[in-house]
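Alright, structures below, take your time with them.
Both complexes shown next keep chain A, but they swap its partner, so chain B is in the first and chain C is in the second.
Up next, the complex of A and B:
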């Protein structure tokens, strides 16, 4: 099987879409100015009952999981040697790098004493029992690894062939670390909740959280890769790689089945299954997630269904949405800290989150136009 | 080498569950021998709130004005916090029912409770803090906060089941506020300001082992018997005479998340006083058991990395392919 080499897409950089995205980024900058001058309270609805809000639950926990396509695809292509997925790797790595950069950026905006953030890595300050320590170190290291994994694309563009060759000889080490680190911190993002103890609803609080977060992250990663491929095929008027994506979602189905098995098995094991039938907000989100996670299982059950673009897209959307709802509800809905505390993101928080998404999309558009990320169009090969 | 995705899932599952359950389950931490703490006896509290301004003075914290005072509609005289906050470390709160006539009775009664840090034996905030800003003194067990280490992530605020650490959201240079048992006063032979000024000994300072003995003594007394209570701190010589209270059986703080150094006695059930129902197993111990299980000696990650490097090398280099180059037909 042969694939077209990645090549810059070309085209204009200033378009109505990139302009709108640029304005959204500027709105974010304005809100952040307020946040940094007057404090978190001036721009957010964070409070002592809900000290973590949208910026953590969405930008960091969910955003980095959607960026899981980078390591999930690298795992397939380089570790499991499934070369047929190769055309997906560069777009997936680019989306992952941007996803992790926005996560890191959100963390700095969210940290009250951001100027001291380096304490996390500094001997004497670093506290290795903290789950957050592990998450922070791994995310930081992985962002660097992602940049190295993408470096060949930039070197290729610059025409530095010798440097590219040299880098490629040792790239396998970075690829391996680039699979290990997300495996660690994506599971630890779930472990973050364990120390909250009974403040997290029993449908969610569990020592299998790391396994649930890991399996759903890989699923979300493949879903995101599929959705990105679908969008770029429509936007760039190119045929969709249906065969590859159908296979990718077949793996996704396995992950969803594993997730649901572990989740329900754990509830039975802990004797907490009855909470799934006692009315509460977490009960509602619990069923919404499970339903969404189950969609690929029945929708894409047949090989014929996995060959249809519309169903591929729907299955991937359900898987991604399921993971999004799961993360947001675990951190914001199932986390109940006592009577009298409420949280809903402020306009400012929403503006920053939207601005970061706009920034990511903008960067992807600009990057695929300038750098060899996407496979060259079929007609030219 | 045959290594497919099933093996990988198996590996992940083993790493996530097997290792965590077998290896290194950490028991709850234990009370330091010389642990210092407070005993709050709700039946002795008269609701004078003298402890609140004393706490502010000792810790140099500003008053919290009522909305009327803040708007200048009335003279700013009263420190009127409703809850602990960035500028209030200690609050006396009241339970009230119906006519509110009878002290320490559930129906038509009222009762007082104190809200401040419990100084847990196995604190969630200390386990959560990624930068050692929250620490527990190995000798006296006081849980203290170091603003110079803090990065303002608020993981401690989220983790504390008592809702104690509070963050100052209204400033670009925020910090965490929490009771540190007046550790800065201990050197001069002084002790917690709230206990120092308490007129009835309702808030009593002392070593936890002595406080526990005092709890046992009080619970053994028949309600209504005249008795004397130590006032200020145990062994300080000062005392207060009153009749023994009628207590609910539970001593709050004895078992909650592995025990705390602040103990509460009450005449009404603790649920009515907003004291959360908590398990005996410390969430910090559960979290650290899980993390240490997964990352014990970094064995699992190192093994996994070894497999990944071998597989990636085989697929990217040994097979003679350039990893990023396109496969030619």
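Up next, the complex of A and C:
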């Protein structure tokens, strides 16, 4: 099966949409200036009961999970040698790079003494037994790997064919590392909660959290790749790769089935299933996310359904939303340090998160117009 | 085994004293076994904070000193101080009052009554002129020339001035006598005043409602032993008992420092035995040794804070019976760290109209975009179907 080679989409860079996105990014920069000069308290609603908030739960944990499309697609294409997914790889890697840049940046923004962030890399300062250390180093390393994996696109654009050929000869090494690293830190994001013990609601606290986080990340990654493909198809008026995406979601369905099996099996095994029927906020989010996770299982059950663009999109959305609700509720709703504490993201936190999303969208729009990321459009039918 | 028992068992001085004949006579007079008598003496030494070398002097004083005459007068009071003294356990205080001192006048305890007992008071004052100890329990009303409290037709002002004139020492027992106490609570209709203001000379104050009996007893024994009163603070209170804030020796102090506060009776923090500061405990501004010597000789926790009630500051003028029980104490030491949550206390910032609105707008935009996209893709599906000649 041969595919059209990736090519720049072209077109104007300054449009009403990119201008709006640019303004949102500027608003984020303004809030971050306040945060970095006057401290977390001036810009966020973080407190001693909620030492982390939107920036960690969304920008780091959820953002990097949605960016899992990068490694999940690389796993399919390069490791399992499924060439038919090749058209998806560059957009997935681009989104992953941006997602991980966002995650790494948000961690720095969330550090109380952010000017000491380099201690993580400094032998003697780094606490090598910490779960967070593993996450931080892994995310930083993976961001570099992603940049290298995307480098051929840039070299192609510059016309440096010899350099590109040389790089592609050793690229498999980086691809291999690039598939390994996310499995480590995505599962470690689950381990982060394990160490909080009883502070996390029993519906969420479990020793299988790493496995749950890993399976849902891969599912969310495929969902994100599908949604991106759908968006770019509509926005750029190009045909949707329905066949490939339908197959991708078939894998996603398997992952969702595995996730639900492990999740409920673990609850039964721990004897904590009754919490799913005792009214509480974590109970509510528990059912919402599991229902969302189950949507692709029945919505996309038939091959005909997997051939319909709308259902593909809706199934992917449900999978992604389920993962989002799962992560936000595990890190903010089910994580309670004591009675009486309240947290809701401040306007500043919301502005930064919205600004980061705007930055990613803006970067993707600009990148696909300038770099060979998307497959060249065949004459649309 | 308490430290006192250990010291009695190991000290050579104590052993020698215990086996002496004189001590045997004294212990018979008190109606106590020798060891109990020794223990009583040692307890007094310890509660006054005296060195162990003073033990011999205290035993001697208890054994040989001529029992001083004590005139105990009661005015605007509830007899709580007397009741408290009667319930002291080692030894029972009725024995002590009758053996250690010569209690020549006490309205509650006297067998005599009416003119007979008034005559006994006058006789004792005459016989021990300049040597007797005057103990006053209760405040003295001064409004309208003191007509609100009379005994045998004479006002309390008259009686206390007369008795104080020839006393060797005046001890005011309880908060009423010490600084006005409960009867002086605003608007103070009777003009209830302390003994010191009425007689115009310094007195030894043992405030409390009621005061701890051992603080009174230790003061008396100190006087018997050394012929002088113990060191007093500016308000006439013995420093050994009122030198420190309750807060400084409170067993719940660690919870205060860690920011763990009970906020309601019976809440999680209260059941965990956390600090009662936020329930209005006046320990941080009240000087007394309650947490150190406890009450009623029944072991650990036997004092108000130990049982879960905030200190009301009963010993402290301007605090007890003046400030509302559950209002916050004025801290004399460090303020509690406010950044700690207390049970049930709402902290942090929840959703406001602005932030919830902003989040809703962002979420709405995302959902709207999703729906629009799904519709768009749906239309394309339909077009594909049509092109393939299937049903729409």
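Just so it is clear, the second predicted complex is superposed on the first by the 379 of 381 C-alpha atoms of A that agree within 3 Å, B and C clash if a C-alpha of one lies under 4 Å from a C-alpha of the other, contacts with A are read in each partner's own complex, and residues count from 1 in each chain.
In this section, a contact is a pair of C-beta atoms (placed from the backbone, for glycine too) under 8 Å apart; a residue touches a chain by one contact, two chains touch by 3 or more.
Remember, predicted model here, so these are calculated numbers, not experimental data.
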Looking at the combined model built on chain A, do chain B and chain C fit side by side or clash? clash
Taking the superposition on A as described, I'd like to know which of chain B and chain C A:275 touches: first, second, both or neither. neither
Which superposed partner A:338 touches (first chain B, second chain C, both, neither): both
Touching A:187 in the superposition: chain B (first), chain C (second), both, neither? first
Could you say whether A:48 touches chain B, chain C, both of them, or neither, answering first, second, both or neither? both
Which of the two, chain B or chain C, is in touch with more residues of chain A? B
Quick check on the superposed pair: does A:234 touch chain B, chain C, both, or neither? Answer first, second, both or neither. second
Contacts of A:78 with chain B and chain C, given as first, second, both or neither: first
Go through the superposed model and pick first if A:160 touches only chain B, second if only chain C, both, or neither. neither
In the overlay, answer first, second, both or neither for which of chain B and chain C A:177 touches. first
Which holds for A:211: it touches chain B only (first), chain C only (second), both, or neither? first
After superposition on chain A, which segment of chain C among 189-197, 333-341 or 369-377 overlaps with chain B? 333-341
On chain A, what residues does chain B touch that chain C touches as well? 47-49, 338-339
In the complex formed with chain C, which residues of chain A make contact? 45, 47-50, 230-231, 233-234, 240, 308-310, 312-314, 317, 338-347, 350-351, 354, 381
Flag every residue of chain A that touches chain B in the complex, lowest number first. 1-6, 36-42, 44, 46-49, 51-52, 75-76, 78-81, 83, 86, 110-114, 116-117, 119-120, 124-127, 129-134, 136, 152-153, 164-165, 168-169, 171-173, 175-177, 179-180, 183-184, 187-188, 191-192, 194-199, 207-208, 210-211, 214-215, 251, 254, 258, 335, 337-339
Footprint of chain A on chain C - complex, ascending: 268, 339-352, 354-356, 358-359, 362, 370, 373-378, 380-381, 387
Interface residues, chain B side, partner chain A - complex: 3-5, 8-9, 12-13, 16-17, 20, 85, 124, 127-132, 149-155, 157-159, 161, 163, 166-175, 257, 274, 276-279, 283-284, 286-288, 290-292, 294-295, 301, 304-305, 308-309, 311-317, 322-329
